[in-house]
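Order of writing sets the labels: A, B, C and D. Residues in every chain begin at 1.
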C-alpha cells in the first residue's frame, strides 16, 4: 500500500462521509445533538481541499496532515478524537512511502490508542471504539492467521458492523448520549457508524486494487 | 319599560356576549388583535355579578352602574366606548323608574353621542357606529311614524344587521383595523357585531314581554 | 396552545408578581391590581407613568426604576388597562412636580389613559401625557387614527425618565418626550404569530415560506404578507421605509434591534450585522445600539428596527444612569 | 426551517460580527475566526477565556467585557470550537498573570480546550482551566462523563470575572471559579425543540401535550419525556431536584431563571413567581434574582432554573461592576 493508495482511501472516505452526512446527523439527533454528520462533512470537505498539497508526501505526513486538518475544522467530540486517531497513525508511519500489511495493522492500533487516550474511553461505552476495536481485533487475527489484507479487512468490517449493532443494545457512558441513560438504548452510535463507514471505504478502495 | 325590564335586558346581553365570546374574538383576530369577545365577556361577567346590587335602583343609576363597571373591567377600545355609551344613556334616564318609548330612543341617542364623542368617530369608519347609527335612525323613524317600540326596534335591528354587512365593504379608518388598510376589506367589524348582538337581545327580551 | 403558565386567568397577575419578586427591593405591586411602582416613591420629581396591555414584556413593568418610569400599569394581554387602574397608578406616584403619562397610539390606550387623566385632574393632580406613534408601517393621516406606538416607546421611557430624574419640570419632561417622539421611527415584521392565552390559538397563520411585514405589537397581522426573504433583505425593507420618513443623513442615531419575544438573539445579531453596514453606507452615524427583547408580542418570532435621531440633549439623557430590571446604564 | 438568517453557512460569522458591531468600542473580533475579545486588552490581570458552540446567545460573546470575560470563542452551532481557534483566543488575551479557561463539561468542549491549552503551554503561556458541571438532571458518576455544564456557567463568568478584575492571581481566580462550581446547580426543560441551521429540522419532536425534562443546552432531548404540566408544577420538579442535591437550607442564593431562547419573558416571570414563594417556604433566602435569556438553545422554548449558594466572598464578587452586552452591574 503506497502513499497514492492512502490518498485514494482518504479521498474516498471524504466522499463517503459527505454522502452520509444527513444519515449520521440523523443518528446523532436521536441520542446526541444532531451534528455528527455536519461536523465530519465540514472536516472532510476541508481535508479534500488540502489533499493536492499532500500529493508527494510520505504516508506519515499525509495521515498527520489529515489529523491536523480534522482537529482544526471538525470541532465537537469527534474532531479531537478522529484528529488524534489520524495523527497517531501518522506517527507510526513516519517517513514511509509504503506500508506492509503489518504496518497497516499497527497504524490502526495506534489510531485506536489515540482515541482511547484522548476520549478516556474503553470498548462497551457506546462510542466509535465499539466499531474500531472489534474491527482491529478481527483484522489482526486474520493477518496473524495468514489471511491477506483484503480478506482480513473484510472480517474487520463484519466485526465493526456487528459492533455498530451492539451499540444499540448498550447504554452510553461516554459522550453526549450518556446523558440520556436508558433512552440511548435501541439507537446505534453515530461515531461507531462513521468509523464503520471509514473502514468500509478503505476496504472498497483496496479491493478495487 | 321599567327598571326590572332594563335589568332583564342587561342580564340577557351579558349572557349573549358570553355565548358569542369566541365568535367576536375570531372576528377581531381577522382585523384586530383577537380580544374583542374576551374583553366584553370579562366586562359583562363582572356586570352580571354586580346586577343584584342594582335591583331596586332607578334606570339611570342602573345604566350608569353598568357603564362604570364596563369601563373598569373591559379595557381596550371597546371598554371606554361601551362604558361611556351606558353612562351617557344613564345620564338621560336619571331618577327614572320607567321609560317611555321616546325616552328609550333618547337614551340610545345619548349612548351613540357618547361613543362618537369618546371615539372621535363618525359613521362609515368601520366601527360599532355602523351598527348603532342605522339602528337608531330606523328606530326613531319607526317611533316617529307611529310604530310601537317592538316593531320599530325590529326595523332597527334589520338596519343594524345591514350596517354590519356594510362594514365588510369599507376600509377601517378608526381603531386597530385601520392599520390594515385594504386588508380590512371583506371582514365585518367586531364592535359593530357586538352592538348588533346587544340590540337583538334587547329586542328579544322586550318581545317576550 | 403550549405555554408555561398555570391558568389563563392568572397570567397577568402571576407575571407581574414574578417581576416584582425578581427585584423586591426596587419594585412594588399595588394591591389594587397589576400596577408596578418603585418600591420607594421618589419625591420632588415629575413622575412617569406608562403602561398598556400585557404581553410586551419586559415592557412596561421592566422599565420601572431609577432613571426611567415611576409606574407601569398592565392591562390584560394586549388590552389596554382600565382607567381606574391607571388612576390608581397615577395617584400612587404623583408628586407636586406633576405626572407625565406615556401612551402608545392605540385607540384603547389613548381612551383609557384619557379617562384616567380626567379622573386625576378632577382630584387636582397635575398630569399631562404624550402619545408615541413611531410605527412607519402605517400611514399618518389626519383622517385616521394615525401611526401606532411601538418599540420606540422604550426610548421615550429612557430619555424622558432621565430628564425627570434630573429634576426638570413637567413641561420640560413633556417637551423632551415630544422631541424623542418627533425623532424616533420603527418598523417591524414577524415570521410566526403569537397566541393570546385567553384566545388559545394564534392570531394568524403563516405558512413555511411566508412572513408578515408591518406588524404592530399586539399579534395582529401586518400591513402585508410576503414571501420570506433573507435577514438582510428584510432588514433593508424595514430600514428603507424608516430612512425615507425623516432625514437621518449625517445624523447620529440610536439603533434598537428589538426581538418580538421568540426570536433568538442569534438572529437579532445577524440582522444587526446588516443594519450597521447599511447605515454606514447611507451616511448615518450610529451613536449606540441596543439588541434584545424590549417591546415584545408574547412568543411572536420576528423583529422591529428603531432609529432615534439624536441631538446633544438626547445623547446626554440617553447615556444617563438607569437602574431597572430590563435596562441598566 | 424558518429563520431570520442569510445562509446556513454564514450564521456563526454574521452573528459574531453583529454582536461586535453592537458595541464596537468595547468588543473586537479576531481576524482568524469567531473569537470575540475586549477591544482594549486588559493587562496585569488574569485573562478569562470561555466559549463553546454557537447557539447559546448571549453566551458566550455577550459576556465579554469589564468584570467578566476577556475572550469568548464560538464554534459552529452546538459544536465546540476547534483547538486552533481557542489557542488564538488565549494568545490574544494572555497576560503575565495567566489565563483561566472556563469550560463546560461536554466531551467536545473538554477535548478541544485541553488540546488548545496544551498548545498554549507549549508556547509558555501560563494557562489553567475549570470545568463547569452544574446540571443536576444527569447523574454524576466516576464511570461516566459526569454532569453537563449549563446556565450556571454564566455565574462562573460573573464571579471569576470580578475576581480577575480585582487583580487576583491565577490560583485565586481558579479557586473562586471552583467555589462557584461547587455551589451552583441547574436543571432545565423544554416545551419545543430548536433547529440547528445546518440540520434544517428540529432535533426532536414534541406533541402538543408533551415536554422534555432534563434537557441540556444543545437541543438534545432531555433525560425523560413527560405530559406537560403547569408552570408551577414544572418549576417544582426542577427545584426539588436542585434542592435535593446540596443543602441550601438557611443559605442565601442567587436565582437564575433562564430562558432557552424562545420563551417569552411573561412565562419566565410566572415561573419566578412560584420559585420565589417555594424557596421562601423551603427556608432558602434569595439574595438576588436574574430573569432572562442567558444561556439559550437557539429558538428552543423552555427554561432552566439555577441556584448558586453564596458566602460573603461570592456575594461581593456577584455584586461587583460588570459592563458587557448581556450583563451590566
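As a convention for this text, a residue touches a chain if its C-beta (ideal position, glycine included) is under 8 Å from a C-beta of that chain, and two chains touch if they have at least 3 such contacts.
Predicted model only: the values in this text are computed from it and were never measured.
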{"item": "Centre-of-Cα separation between chain B and chain A, whole angstrom", "value": "76"}
{"item": "Mean-CA-position distance for chain D and chain C (Å)", "value": "29"}
{"item": "Inter-chain centre distance, chain B versus chain D - centres from mean C-alpha coordinates, in Å", "value": "55"}
{"item": "CA centroid of chain B to CA centroid of chain C, Å", "value": "32"}
{"item": "Residues of chain D engaged with two or more neighbouring chains", "value": "none"}
{"item": "Chain A residues counted as touching two or more neighbouring chains", "value": "none"}
{"item": "Chain contact topology (line, ring, star, complete or other)", "value": "line"}
{"item": "Interchain contacts (touch definition) - all pairs", "value": "A-D, B-C, C-D"}
{"item": "For the chain D and chain A complex, residues of the former touching the latter", "value": "53, 75-85, 106-108, 111-112, 114-115, 137-139, 143-145, 148, 196, 198-199, 203-204, 214, 216, 218-221, 223-224"}
{"item": "Residues of chain D touching chain C in the complex", "value": "2-7, 10-11, 14-19, 21-23, 54-55, 57-58, 62, 191-192, 208, 228, 230-232, 234, 257, 261-274, 276-277, 289-291, 293, 296, 298-299, 301-303, 325, 328-329"}
{"item": "Residues on chain A engaged by chain D in the complex (per definition of touch)", "value": "25, 29, 31-35, 38-39, 42, 71-81, 118-119, 173-176, 178-181, 183"}
